[in-house]
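For reference, the structure is listed below as structure tokens.
Labels run A, B, C and D following the written order; every chain starts at residue 1.
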């Protein structure tokens, strides 16, 4: 019984220091070079230089034993608790290549969890070890352009049994990471059941190799004008895509069960990385406030800037504590009890970080919105989190229903 | 090394349950009767019925060993940590007589800490034990009407040595509790030093019995129209008030040192009681939302009410965790390191609770602002906390300076 | 066609100057004396001094022709447009007796409009002229404690025909002004129709003299602890209250029609007085900010105070323009077209003014919440406006439905 | 004396209808094609198709007499007031090519005003008529990367007399429109005076043709990742750039005088276009809310969406009225009296529009942040307005100082 201990453990401290220092001293400068290198003409390939930077960082991290921290409750993993991992995820959020260097990036971590927990050895075999080794990447195809995916029971991609195969037809979008040439395997949410079945048992998850005939990556979606190449958020069409029945995970109708298991930890990781974004932004803001002068004073001394800085600090502290509590709830092993806490942080952390980053942008003037400072990139990334894995409104609804049920026997 | 454990300890759980149950089952209903009883004609006396209610509750609590929990690091006390006490303070915040029943009310707790830590046995003798026993009450006289007390170096009450005595002249206001006929002793912040001395060494604290000649309680200040009788927030004039030199605490010029020691824990108590206010208000809000109907639906189902409820829940959780962290910092024994955390919660907790209570008021319609529901009373009390012990702006300033100092060697 | 002229007209300017100057120079100081005089023992009477102050001001105003400005489209009235009156209402909002001095206070103005527009000469006779002359006052009884009056179709007071009379039973609360001994006549919303009739045709308005047998003023409701004596917000019980059938206004089932006609202008008046509150508060805030010093600077120079002052100024300007536009819409004579504008200002103006007053309170420190500064009183009054005549949520709902209907043929 | 008439005049109505209809029916669809066409490889040229679209629209507008509306007080212009033009600017804000089609785009309008008002016929000759005819474009070079340009007295580009020439050295950035191959002339703010001269008389404006030797367009700045090609926000280096002394506008030291004259109307135009952005976003939001379904209901019926829509409507109305009032103040001819109103809208309008657009994005889910809906593009454009022509903080400061000066004789 650990009495809601939210601090760093002794065993975590040296790992945390190693991760933090590597991010600050090696990964952060390399990230800037990597981003500057992203090819303007051919966006969906890696240049040699990009590959060198990224694989060099990964090799270093791996050789130092800084690898796959996210695998918190598996013998394959690092043996950390989610609370412990959360502290590392925060550090990783501070720079662009922070998570990938340690093989801890989305959507691979969630996908690897699906392989680890829900797949047969036969399903795991071609994909899990290469993913754990950082040799390939993966995508998670859930959202569809034609339905309100905020209510995931709307998901409509057809998946029809035909002999020993399933045949898939439909469109998916916001397939994050599917632009990467290293992305080899998709986990796809499909509709296998009819309207006669219970609402949450109509869907399934199935493995579709990226090079299966009929899979067409149509285009990259932009996020406030940026295509995030070579990672990308892709719009993909499936036309008579045929995969063996053995690719279906767990069984027909169990898609929601898998989705719930997959999303919990991933949301905590996202949120803790958002805290890292916010900390990085606040640091930039403070340094700018002490360095830049106008009207004969440092910016820090002007207008509401003391109050703005203080509000940012307080908001970060509160959001971090809430994320740590949600992580601790997950560590207790009762996913259902943890669910409302995950919904809470899913709303709180991205909104808080957006606000902090926006204030940092404003403190930087024109430079803040440009490529010269990482703030604008942080902001657009954070903005996607208010939609990804459920928009704010859906999570608030969950929190409210849970609250009301404390006081009523009625259905809410 | 307890690794920032913010949960309830095993030893606390039965105490917490006893306090919580007594508040819910005995103190809350008695509080309503007590408030209804407050005399309209003679406001500054206790009726027999009021005395019976209050002393009856106190006797019960004492007999159950539920007493003086706030005295966290003294052999006279309960042996709880500040984190542990914080959980109890939250419960006490849920009803009007919650704190006093357990002899845990402001300003007495802070004043008893001054006696305990800074006073000589001779100074303690007439006052400390009766206070610990709940037989008398006390007031803390700091704020003055004529100076900006947010900057306490402005405090101006004159205190001039004359033979074996000091002679005090000036006015104090917001002397909370000084309207109570049981209030027997004041701790008074005075100016003993001149402008040639360092700014924070010009002030002292001195003991002034309430019945000293020259002390005149001029009037009760109202808080949004309410005089809070028989407790009261009094405006007091000192005219040639003479007390023995032995009444000076610690020595001339040490007023700020005492004030800092006094205010830290008290601010945590205030904030945790504010969390209790907010929890009580959210419960009222949810019950109302499920009970009342308009436009053919329960209020909960209308408009933004789900979102409002969810926001309140999230804001409460975050503020509570921050208060617990501040309490834990205090428990580590380094008051200076804890100071910025105390400033943070001093801003966060009252503002959060005000917002929650205001939403609860709105959900209640006309009843919410009236005497029929405890919300309006909660709100006005909480509103004073944004000013008492330093207005928000002063605490934000402290938080910002602490933040900026992480990134600069310069004075900020 | 006046092209949305929202400025002061030439004919208004001298009237406005006379009203503004009288308020600043005569009514404001008299208001403070009046409030200090309100009897603590016997709250529901007027002392001689109070009567002298109030009747003296009224006599002066009447003799100067500054009277009944609100009667904008009647030959009995001043001939002003609603836009013109709005400028005067703003001035009246700046001090406690501002509106009553010019016989422009709620709820009498709305009630007089009901008499003027909807009543027969017989119904008018005993009440209208005395009201227009400021000799008696009136109350409007709509809200009930047992139903959600935000949805006024819930109103339940029974009103049953019996011979030549109607017999009324039930309870009303928030009968503002009914504590005043001069209050002689109530306009009461009652339920005359059954559930078989259309929802908005089940209610009626009826005249009930205050001294009718069976009318029992049970108690004064408090607003954040203040009873607003001798005006008051009363809780009233009707037990077999019998009035002649001739007291029914317009006819059975026409209650909503009258309510709509009554509330439109009244809401504009309330909102413009709220603007006046906000202007008065901002002036107090600025003066305090330039007068008071802390940390070696004027408050104005500290922290976010420049930003706070600027935000208040901008918010006031925008809210005022919106109120003027709503008034102008009413002046065009199409109440239905004006309705969404009235809903808009009903949300915007009180919320804006609450925020401004709250900032002014904070700038004043402890004095701000006390009786020494008129801010706390302003705040509690403004807080009632977020509930009176429909809570914010109901008005937002109206605005949203109107907006959506621009883009859809469907029912919203 | 027009009594603050803020409505559309009769003469404006047909013009407004023509502009509105052309935008909705012709320019909006053409804008989408234009944007899709923007070359990915060669970004800083116009494709034939782009040129056809843009010049086709301009020719049509010109032939219909819909041209140069912004030139409000010149015989060369349309004869509209600023209030009248404001209504047109709002419409132009609704689509990407809205303003340029009517030769009303920034920064050319402001630059043409400088030519019109402050330049000699010789200075006007090569540039003004081609600009008025829409044949060339121009840029305004003020902001510099190395100084806090929010305080424009920091501007440092050196401009030294040498014989009949001035020689310029330094860097400018955020030269909006300077990426356009049609951009032929820069108006440049330079430092001509030394520290011995009054602070606001050290700077001058000078004409520099874009093709002058020594001018080097170094790179395009991105705005949240988007380079806004082929318009662009350019970073430009001046190395011994030599122009004739006759290119100096008005005389040495008069830069601030010109800047003030230039920026007033331009800020109103920006703000009214921001209102147009917000209206377009709200329309998209409402349509989406009625079209999309989740959880068995239209989005409009879910959660806080009614409240969100209502808040957006109210905020737009208020901001528009404030902009119209600022325009009306400018129309009165006293730029100094109008200045605080311009500062007010400069803060209010972009912030309001950002909020509305952000809510519209959220209502659209993933599509909202992508290239499929114009919202993300609107947002990034609006975000620049919180920095361009002075950041919010500087304008709030101005508003506050103006407010405080009403109540004090002291310097603030």
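What we mean here is this: contacts are C-beta pairs under 8 Å (C-beta built on N, C-alpha and C of every residue); 3 or more make two chains touch, one makes a residue touch a chain.
The structure presented is a predicted model; accordingly, all values stated were derived computationally and were not measured.
Peer 1: Tell me which has more C-beta contacts between its two chains, A-D or B-D.
Peer 2: By the number of C-beta pairs in contact, the winner is A-D.
Peer 1: Greatest Cα-centroid separation from subunit B: which chain?
Peer 2: Relative to subunit B, the chain with the farthest C-alpha centre is D.
Peer 1: Could you put a whole-Å number on the gap between the CA centroids of subunit C and subunit D?
Peer 2: For subunit C versus subunit D, the centre distance works out to 43 Å.
Peer 1: Calculate how many whole Å lie between the centre of subunit A and the centre of subunit D, each centre taken as the average of the chain's C-alpha atoms.
Peer 2: Between these chains, centre-to-centre, one finds 37 Å.
Peer 1: What whole-Å value do you get for the distance between subunit B and subunit D if each is reduced to the mean of its CA atoms?
Peer 2: Taking the mean C-alpha position of each chain, the two centres sit 53 Å apart.
Peer 1: Give me the residues of subunit C that touch two or more other chains.
Peer 2: In subunit C, 303-307, 393, 396-397 touch at least two other chains.
Peer 1: Spell out the residues on subunit D that touch subunit B in their complex, using ranges where they run on.
Peer 2: Residues 303-304, 306-307 of subunit D touch subunit B in their complex.
Peer 1: Going by the contact rule set out above, which residues of subunit C touch subunit D in the complex?
Peer 2: Residues 1-10, 282-283, 286-287, 289-290, 300, 305-307, 309-311, 313-314, 317-319, 321-322, 325, 344, 347-348, 393, 395-401, 403-404, 406-408, 410, 412.
Peer 1: Help me check something: in the complex, which residues belonging to subunit A touch subunit D?
Peer 2: 41, 143, 145, 148-151, 154, 173-174, 221-226, 292-295, 299, 302-305, 361-362, 365-372, 376-377, 379-380, 383-384, 386-388, 391-393, 396-397
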